[in-house]
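Paired with chain B in one complex and with chain C in the other, chain A is shared by the two complexes that follow.
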Partner chain A sequence: MFIKIIFSFLSVTVLGGLLGLGLAIAAKLLAVKKDERIELIESILPGANCGACGYPGCSGYAEGVVNDGASLTLCTTGGGVVAEKIAEIMGETVEVSSQKMVAQVHCRGTRDTTKYAFDYRGIADCNAMMILYGGDKECKYGCLQGGSCIAVCPVDAIGRDEQNRIWVDKDICISCGKCIDVCPTHVMKWVPYDADYIVACNSVDKGALVRKYCSVGCIGCKICEKKSGEGGFIVENNLAHIDFSKTGDRTAAVTSCPSKCIISTETALPEIIAKKETLEVNDKT
Partner chain B sequence: MTYIGIIITFVFINNFILNQFLGLCPFIGVSKNIESAVGMGFAVTFVMAIASLTTWVVYTWILVPLNITFLQTITFILVIAALVQFVEMVIQNISPALYKALGIYLPLITTNCAVLGIAFISVQKRYNALESFVAGFAAGLGFLLAILLMSAIRTKLDFEWIPKPFRGIPIAFVTGGLMALAFMAFDKALLTNLIG
Partner chain C sequence: MKGLKTFSRGGVHPPGRKNLTSSKAIKNAVIPTISIVPLSQHLGSPSECLVKAGDNVTEGMLIGKSTGFISANIHSPVPGTVKEIKDVYLPNGMLSKAVSIELEGEFDRLGKEQNKRDWEGFSKEELLSMIADNGVVGLGGATFPVNVKLSIPKGKKAEYFVVNGVECEPYLTADHRLMLEKAERIIKGIQIISKIVEPEKIAMGIEINKPDAIETMKKAAAEAGIPLDVVPLQVKYPQGDEKQLLQAITGREVPSGALPIDIGCVVSNVGTVHAIYEAVVFNKPLIERVLTVTGGAIANPQNLKVRIGTPISSIIEECGGFKEVPEKVVVGGPMMGFTIYDLDTPVIKGTSGILALTSSEIHGAVRTSCISCGRCIQACPMGLNPTTLFKYIDHGDYTEASELGLMDCKECGSCGFVCPARIPLIQGMRLGKRMLRKKKVKA
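And now, the complex of A and B:
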């Protein structure tokens, strides 16, 4: 009996000791030489792991830069500052614009202002809604309000208000571009972070047609062009947009816009009543 | 029992997940998309095959001669854990591509009950060294089959409307239960029909 206890004790101790020793030796002998630049770059990257660069997470991008010669400017979240730091580590130079871009929804149509062609009942996903006759609104360019951008946003910067309109909080937005990729109508578009106004419409239909189905859509009347030429308003394809490189005053155009679709991005966001937790708007079945 | 018999037994009849209910953690946890499910499946196959062989060696050459087979649980855990660590290091060195495919899953299955289970079953059934290896490999293939089917179903489930209390893990368990029912069709009769 006693000898068995000794045997058990010794065999497990020796086995464990040998395995531990073996692993220690193996770890020394088989150590993989990691490029120290990878860790340096990883420490600079924002660490949001949003995947906008196309690599799996920030560490993946750091490896990509060092090992596969990936472009140094792929990190949209970090923008110019990060790109410059990476270039410093890699001993290269990059040309970057330090302008931070954020995503904004260019549509404010609700059930009160926009006509609906039919009542959509199905899964709450914009791409699924798009398959069904291009969505339930009569306007086929606007925001489908299915909330795919809310679901895909890695930092929870997007939410909806009590009228189901989608808003982006530009101070939380990290410019990863995922919502822009997922949006089937391309109503989610890049605007500079410091843009004061945006034209919140995406419809290129003729003005008379827009008037029929939406009371807050851009009708391409060119009043903004006339009132605020210096502000960079341009009407193309029956739709106004703003050239943000021009810095002239834009308030005249905003006040005179007949459909009031030029909205400020500076004012406080309306109360966001729903974020990721409640993506149930269309789940009525 | 022939080697083909062992393979059929562990892939279909005694499928580790759907019949023995071992290794359910990765089965539910890593079956959200097909790509990671396949990676996990191959990693488990790999680890099970070599773990089954190594534990056979430890059992036959150390535990039996010293007459301390009651220590099999603790020694098997010890050996398997060290082995997986060692294999991970070797793969990282020899083949970075394989390491990328399997690497992240290897530490997850170090002490998985399916891996420990195959070691016990091999010992219980008194397999020889090669039979243990084949049994481990086949059990891994069975795991791969089950997790692959599961992930294929779960990717489809993503597009279906599911009652709210059932979303996510609950519906996965229900699905797993139905799959287990389906696998009950494979029994000893299959084995006798196939290889006599």
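And now, the complex of A and C:
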């Protein structure tokens, strides 16, 4: 009886030892060598897994950089700092701009200020609206307010105010650019993080036409150019924009803009009531 | 109804409402003072504009040149002066450049005796180039350039030539009237096409709700002595789609992503056949078409022969205007047409009807949630699963929707018609396709 217990005890021990030895040898012989740079790069990446680089998440991009020779500057979320660190690990050099860019909506038109061509009753998605006569606003360049950007934002940085206008919170924005990709009217554009003012209009129609359909649209009058030339205002194609490399005073242009479409990036923010939207049911066929 | 041919999968039975106009002869519409002629009236790349503001144009003059393999010529529908080149929205919601022409001067063709050409002397290639020069596109709605469709690729053979006289969309009667009034010309057109594609069999599908058209076409074919097999079909939507029509008549199914010629068939709408006849025999460009103006809100519904580029407002005025305020004005049929908001939208080559619908005809209702009843799956003639496709599209997963066959959807509207929850399924499909194309362009 006692022998039997000893025997089974011993046989299991020996068997375990042998199999363990086998595993240890296999681990040595068949080891897959993982490039340690992948782990290093992964630890530097922001870990937001936003997918803006085009790879499936941050680990996917790290593998892409090491194995497929992907560009080192694809991580828009991390920006220049991360790109430089990746370059250091890869032993290469990259030229990066240190400026952080964020997305912002360049339109402040509401039902009160802008004319609507028709009553839209379909899917609440900007691209679906775009297929039908370029959206329901008479202005074909403005924000359609369908909320496609809100739906794709991975970090809930985009919200609406009481009048349904859409605004990006630049402190939450990780610069992934998904909203810019999805926006059919290209009213969502990059601006530097530290931009003080933006021209909140995207219409390149002639001034007289803009006046007909929108009271807060840029009419291309060039007053901003004259008042604050140092501030980098340039009017091209009936639309003003700011060259942010110039740092002159911009307040004169802001106060004299006839349609008040040059707005501060700071004051607009508190209006936001952030609410993550799913495709909303508001239609009647 | 029993014993008649039809397609096997899916399909719906919307109320026909064709009696509003089916007994009304085609009338020539008034020519508008300003015609707006878009340069993108066909499937494929837009035509290249050949005129500029201030130019004088004559009736039927080439103003837009075909710019590629799949593209078509555009001709001036009226004599006059080019006022401007501007952007307009087409009835299908797309933006296009358009030439706006102010009526002025004399018509070369209107009201004058046309020289008839003896088409039998022309070779295949000559016939095809005549069709291409005159800008003939498929008038059933897809506006595919006809010369491309009739050029049989090497190594393929057309066993069947099928003429589409189905007109399955409710309300529309333009093709029906054309068959009754221009049967002889259609038969000649069929002979011309037969010479080009050399089919073994010629058939024509007409739904049984047009018994007079079946009779007329049979008689005309017998008189001309051509072996045209006029096939009466059951009434079922969307039988007028070429894939469904081919299945009904030949029993063959066009595989996903393939064209009718891949199964040895060529299909043409009766309106197209008529336009081919005019292009070949009278050397007349496609500058006018027959369309139906109808709906509960139209005072005097009619079938009109309208110049391309005529603003819809002028056509509605001609039909006595609105007798009540329409809930919607739809261009095309009620199933596949688009609602327009601007009545100055012009008629284009693919416009088969103008409907002013009252609220009682539309049955407006609020969208609710999907109850997974599966009626859309039953209705889909392509065997797709619209509800699942819509859910994927709703969540932005367009690739997954594409794998489930989104690109096979032809937006016939059957799923949306039967949906008890009133989900805008077709808009979803259109959105999904647009996003897929956008992705493809990027990649």
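Brief remarks on what is shown
Everything below uses one rule, namely that the second predicted complex is superposed on the first by the 242 of 285 C-alpha atoms of A that agree within 3 Å, B and C clash if a C-alpha of one lies under 4 Å from a C-alpha of the other, contacts with A are read in each partner's own complex, and residues count from 1 in each chain.
One rule holds in what follows: a residue touches a chain if its C-beta (ideal position, glycine included) is under 8 Å from a C-beta of that chain, and two chains touch if they have at least 3 such contacts.
From a predicted model like this one, the values you see are computed outputs, not experimental measurements.
Of the two partner chains, chain B and chain C are each touched by A:123.
Once the two complexes are overlaid on the shared chain, A:23 sits against chain B while remaining clear of chain C.
Of the two partner chains placed by superposition, A:42 touches none, neither chain B nor chain C.
In the superposition on chain A, A:15 contacts chain B only, with no contact to chain C. Shared-chain residue A:32: touches chain B; no touch with chain C.
Legend: residue contacts after superposition of the two complexes on their common chain; A:152 is shown touching chain C, with no touch to chain B.
Of the two partner chains, chain B is the only one that A:7 touches; chain C does not reach it.
When both complexes are overlaid on chain A, the residue A:63 reaches neither chain B nor chain C. In the superposition on the C-alpha atoms of chain A, the part of chain A touched by chain B in one complex and by chain C in the other spans residues 122-123, 128, 283, 285.
Taken together, the chain C residues at the contact with chain A in this complex read 89, 93-95, 338, 340-342, 362, 364-368, 394, 396, 422, 424, 427-428, 430-431, 434-435, 438. Those residues of chain A lying in contact with chain C across their complex are 117-118, 122-123, 125, 127-128, 130-134, 151-152, 279, 281, 283-285.
Of all residues in chain B, those touching chain A in their complex are 58, 62-63, 66-68, 71, 74-75, 78-79, 82, 85-86, 89-90, 92-93, 159, 161. Across the interface of their complex, chain B is touched by residues 4, 7-8, 11-12, 15-16, 19-20, 22-23, 26-27, 30, 32, 122-123, 128, 283, 285 of chain A.
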